[in-house]
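The structure follows.
Chains: A, B, C, D, E and F, in written order; residue numbering restarts at 1 for each.
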Amino acid sequence: MTDLIRVDGRAADDLRPITIERGWSDQAEGSALISFGRTKVLCTASFTNGVPRWMAGKGKGWVTAEYSMLPRSTNSRMDRESVKGRIGGRTHEISRLIGRSLRAVVDMKALGENTLVIDCDVLQADGGTRTAAITGAYVAMVDAIEWGRQHKFIGQKAKPLIDSVSAVSVGIIDGTPMLDLAYTEDVRAETDMNIVVTGRGLFVEVQGTAEGAPFDRRELDALLDLGVAGGATLRDLQTAALAPVGDAASVTA
Amino acid sequence: MTDLIRVDGRAADDLRPITIERGWSDQAEGSALISFGRTKVLCTASFTNGVPRWMAGKGKGWVTAEYSMLPRSTNSRMDRESVKGRIGGRTHEISRLIGRSLRAVVDMKALGENTLVIDCDVLQADGGTRTAAITGAYVAMVDAIEWGRQHKFIGQKAKPLIDSVSAVSVGIIDGTPMLDLAYTEDVRAETDMNIVVTGRGLFVEVQGTAEGAPFDRRELDALLDLGVAGGATLRDLQTAALAPVGDAASVTA
Amino acid sequence: MTDLIRVDGRAADDLRPITIERGWSDQAEGSALISFGRTKVLCTASFTNGVPRWMAGKGKGWVTAEYSMLPRSTNSRMDRESVKGRIGGRTHEISRLIGRSLRAVVDMKALGENTLVIDCDVLQADGGTRTAAITGAYVAMVDAIEWGRQHKFIGQKAKPLIDSVSAVSVGIIDGTPMLDLAYTEDVRAETDMNIVVTGRGLFVEVQGTAEGAPFDRRELDALLDLGVAGGATLRDLQTAALAPVGDAASVTA
Amino acid sequence: MTDLIRVDGRAADDLRPITIERGWSDQAEGSALISFGRTKVLCTASFTNGVPRWMAGKGKGWVTAEYSMLPRSTNSRMDRESVKGRIGGRTHEISRLIGRSLRAVVDMKALGENTLVIDCDVLQADGGTRTAAITGAYVAMVDAIEWGRQHKFIGQKAKPLIDSVSAVSVGIIDGTPMLDLAYTEDVRAETDMNIVVTGRGLFVEVQGTAEGAPFDRRELDALLDLGVAGGATLRDLQTAALAPVGDAASVTA
Amino acid sequence: MTDLIRVDGRAADDLRPITIERGWSDQAEGSALISFGRTKVLCTASFTNGVPRWMAGKGKGWVTAEYSMLPRSTNSRMDRESVKGRIGGRTHEISRLIGRSLRAVVDMKALGENTLVIDCDVLQADGGTRTAAITGAYVAMVDAIEWGRQHKFIGQKAKPLIDSVSAVSVGIIDGTPMLDLAYTEDVRAETDMNIVVTGRGLFVEVQGTAEGAPFDRRELDALLDLGVAGGATLRDLQTAALAPVGDAASVTA
Amino acid sequence: MTDLIRVDGRAADDLRPITIERGWSDQAEGSALISFGRTKVLCTASFTNGVPRWMAGKGKGWVTAEYSMLPRSTNSRMDRESVKGRIGGRTHEISRLIGRSLRAVVDMKALGENTLVIDCDVLQADGGTRTAAITGAYVAMVDAIEWGRQHKFIGQKAKPLIDSVSAVSVGIIDGTPMLDLAYTEDVRAETDMNIVVTGRGLFVEVQGTAEGAPFDRRELDALLDLGVAGGATLRDLQTAALAPVGDAASVTA
């Protein structure tokens, strides 16, 4: 797209190196430790037979997510939300976004009355934590659903997964649209957008924010193009990570 | 755009009746009671000379917003967040959205070391509370800035306002893109998008969510077109409400 | 009683202009927007069939109330209690007072196993918010009870309302007992009393506090006389507001 | 007043046995363990030189109070408010009442920039805990003020105490006005009133509540008479407890 | 052990004067006001038939404890944990320690499906509050178990008590191991240890902490010896307090 | 010590395989990802120049620690403490233990007015999380202190580290004392003890708890012997991990 070179040598339309360490956890039904460059997120998927009381008896499942950052995942230490006694708005916002993104590719009827809780804990943060979280959470969720099938909580012919889902950030820096912003880029971006797309290339969420000056339709279109292309690459990496090579597999882009 | 008729007789590209009762409050430096159909939001703007300590000494101002719903603004009563002792994720998300939208049209240097807090309290809810809130909050903010100028906290030649800002929801119902969804429409929409645009037609925020099935690029484009058109109408209503006819004025679309 | 003239031209035993906008809300089973001068309180009554679990099976209903002030209802902005994460003592005190006052005129057996929650949200404050709230809450409650009767949750011959109830503040300023204090008067009062009386003139609550010097029995008697007279006027206004002129009616004193 | 005999053998106008164990605490600047029958409240007064920042520089002091009940002070165990993470409305209400009652007899100018915090912890509850608390708190406060004088934080000629203050409950049971209700009486009372009076017999607070049927003026007058008489007895007991017989003294009525 | 004399005249291996006022409360099923010198803790035991839902149906009982300090139990006033809205780590730690200590001497099968909650409220603190609390809590618990037996909630032949339990602090000051430290000693101690022992001399808890320099095995042994001896004395005092001399008894060492 | 074989093939006095991945974090001044078998704890040390206000001006530093478990670090998912809005007693207890353990080997004068916050987040839990946390926290702290020296916040000749510190659990299972219990062993242990020892073999903390039956002096002595030996092995591993082989190093036992 452009021959402009970024601080880490990437082209404007390059993702950072992506690593997906599937099955990282010995405890969870599904898990993935995902890296987008220096950003590292541990995603665990917990499968529970049954649903919250208010949902029971409808023959449908439930998928929800919680996002959190370790206090020293960032360059300067943040106070723990557990110590402050309240969850901040940003944490709430991202937890809800992850949950909605995952639910968009799950057929709740096919899942049956089972609950999936996906925890995304940021071990190290360098921009794009929410997009890495969604991308890794999908991998963890796939394994937890498979666990549910093996343990007969999900019908052997049921197909709870409609599509795959991944997410990537895009932004405009000095007038140039760029893919997968690292933290120092994110801070400089005039416009910042998170795009959640399915494996088939449909949109689940489009969240664009003018951090500096408002943006026009042409810029919006360029960002959408970039995000859709990034999503396709991430989908391929997810597919590779989920290839049947034993209980756990690691893939690196 | 379409001859399809909605439950309240509107065409797909019609806004609901909009009323802006500017200067509703005797207490606040700026205020507006705004209605989008049956949705009613009281917006008050509080002007304080000075900024929070962590911002002091930079010659820049600060604008923030808080959104809340009265417990019986909705069809069935919700528990108060003050009683529950914590603010929910949705409230946080919308408060942050309103704040970002307003900051996008304010020149913080020109505002000087002054703080604006815009409170948006939903007195009655029927869909589109966040978009009504942003639209009304702008009107309240304009008057509070003018108050600051009259009281010499803002320089007589300073121009803190770069542009105007309004917001509107759009969605796809039964395959048809529609403007300004009422609650019963919102519940049925497959895709739901909130668009925040400036008076000049630039985007401040674009937040689209697939509630049902993911959406494609063509649908996204149709929603953006509809939102931009709605924003232009809201800008004209804001301008009319802010016309110099005394301390307070009411305008109805 | 006295020919002393107050800042707003009232005599010492005059109420401020009172407005009751019955049926303000499209959502609640009963509602009233009441004004005591510049003090404006939105009262909504929510009717629910059934009672909290700890009361079930006794054939009795329950009435409770919650009071809150919008952050910019006052001259300088207050922090939201939802943001602070805890409800202050004053809010608790007034919520409990409103609830007790309403319960004093309701026959819980006749109400049956139904719950009424009355929310009193102060949109604008200029003294006397708790007394306006009680007076408006009664009007909202009457309509919610009528709604319960029409929906067959209350027996057609049951008489849940024993009496009406209203409230007014009285105080001694510069030695003169005065009725219905506005905020600037309240601040100056040596003694401040809130009197809750029924339509028949009986006392439900008498809460007198020496803000400055303690008061003697003669002063107490004068305040009680004034409050009882004010209560009678408020009762007549409530009766007028509740006259059968359609679903909603507005009355102004 | 009446020859009706109560469950514990008292006449309608009798107080329960009152004990004031002055100087109970080795730690606090002033303290009293007060009993009204089986009701036992430990009152400690903490003297601090200086006032909260928002009050500094005005040459005036501050007096505040906190009330709490031990979880098993009552017949069935209550959850701790510290465990619940929030203070209930009743606790707030009584803490504020005690604080106002004490401030009514203190000349803040004469106290100088000093702070008194009076803690009233109910060790055992049998009705009348708030009135016992106020009565004992006054004794603790007197000693803490004297401590401040001895330590030169209060001028040697300053007279911070304007008057003494005590409190007692009165109520109507089966039509008979009665003084100082024990818990089983309180539960049965149609009307319940707490009266806070100064040593000179003036009113600081009058809080009457119709628990059952609303009350009329004649009943109100009878209750006021009874409360004023009870207050005079309590004042005499306070005076005896404070007689200069060493650092600590105990008195029993 | 040593002829070194402490500030209060005690030898290094002396306990402070111990008082146990059994049956202090008229409300609780068991209670004791215990003093270790100036440290005074009110222990109440609440007996409830039944267990928390998660324990039901197993035929076993439950014993738990809560510890708290009155705000002015200490030399300078502490903020209330109920006001702060959260319980501190130290409070949690001690509540858990007391609960574990009591459970170690109770046969939960023999207790049957009954719950004992032991509240230990520190009225005055001078070091050793947790050890006094455990020692007094045992006495209160014994009476509450006896109450349960008399009310037929516990079988007449069941023996829920396996052993008795008490606790004492030991520490090294200026190289000398000392028993039952008062606050001023505790502050100076290089090593501080709390030892919970049964009547038979077995250990329930050993918690040693190097406050200054780490300690060696020889010092540890000396502290254990001292603690075991102190525990034997406390056991004898508990036995005396529990001797059958009516509903309540007081014993002083 | 014994030829008894444990479930994972260890002898009673064997540690599990220990791994210390020093410098795991790119963000923190010091860090270590430590494993005790399947237990994995990420320890980060944050260095800040300056101390909390209440400590300023004394020329001394401060070291504190926070411990937390990821919700799915355990076999079944736990609720997040940030979501519950309060930190549990166990978390508080362990955070305090880690902080005390680290402070025991730091000379606060030599550290100067600098603050170290050590975060220990359990990524996967299989028993012994607190002992792994202390052992890894020491390694992270050493690097953060070195960072402070390189950045001139600590004097070049100052020696803030007095000794090293590590911790290990010991317990009695079926009468046999065992070292470094895995979760399934911990659950079965009659007595459970955590021992914190310095590199020189002195005790910092000894916390023994009878989970089942109380323990005698002979058992206590056996557990202490085992813990001291385990601590010596851990000290050697720490030394190896801290050997000067670049910025980060990994060591495996």
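Here is the rule we use: a contact is a pair of C-beta atoms (placed from the backbone, for glycine too) under 8 Å apart; a residue touches a chain by one contact, two chains touch by 3 or more.
Here the structure is a predicted model, which is why all the values come from computation and not from measurement.
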If you walk from chain to touching chain, how few steps can bring you from chain D to chain F?
2
Shared interface numbering between chain F and chain E [over half = same, under half = different]
same
So which chain is farthest from chain D, going by the mean of the CA atoms in each chain?
A
Taking each chain's centre as the mean of its CA atoms, chain A sits from chain F at a distance in Å of 33
How many Å are there between the centre of chain A and the centre of chain D, using C-alpha atoms for each centre?
60
What's the distance between the Cα centroids of chain C and chain D, rounded to whole Å?
29
Among chain E residues, those touching two or more other chains are 85-87
Ring topology as an ordered chain list, initiated at chain B and continued via chain C:
B, C, D, E, F, A
Could you pull out which chain D residues touch chain E in their complex?
25-28, 31, 38, 42, 44, 46, 48, 66, 68, 70-77, 80-87, 91, 117, 119, 121, 123-126
Chain C touches which residues of chain D in the complex?
86-90, 92-93, 95-96, 100, 104, 163, 193, 197-198, 200, 202-210, 213-217, 220, 224, 228
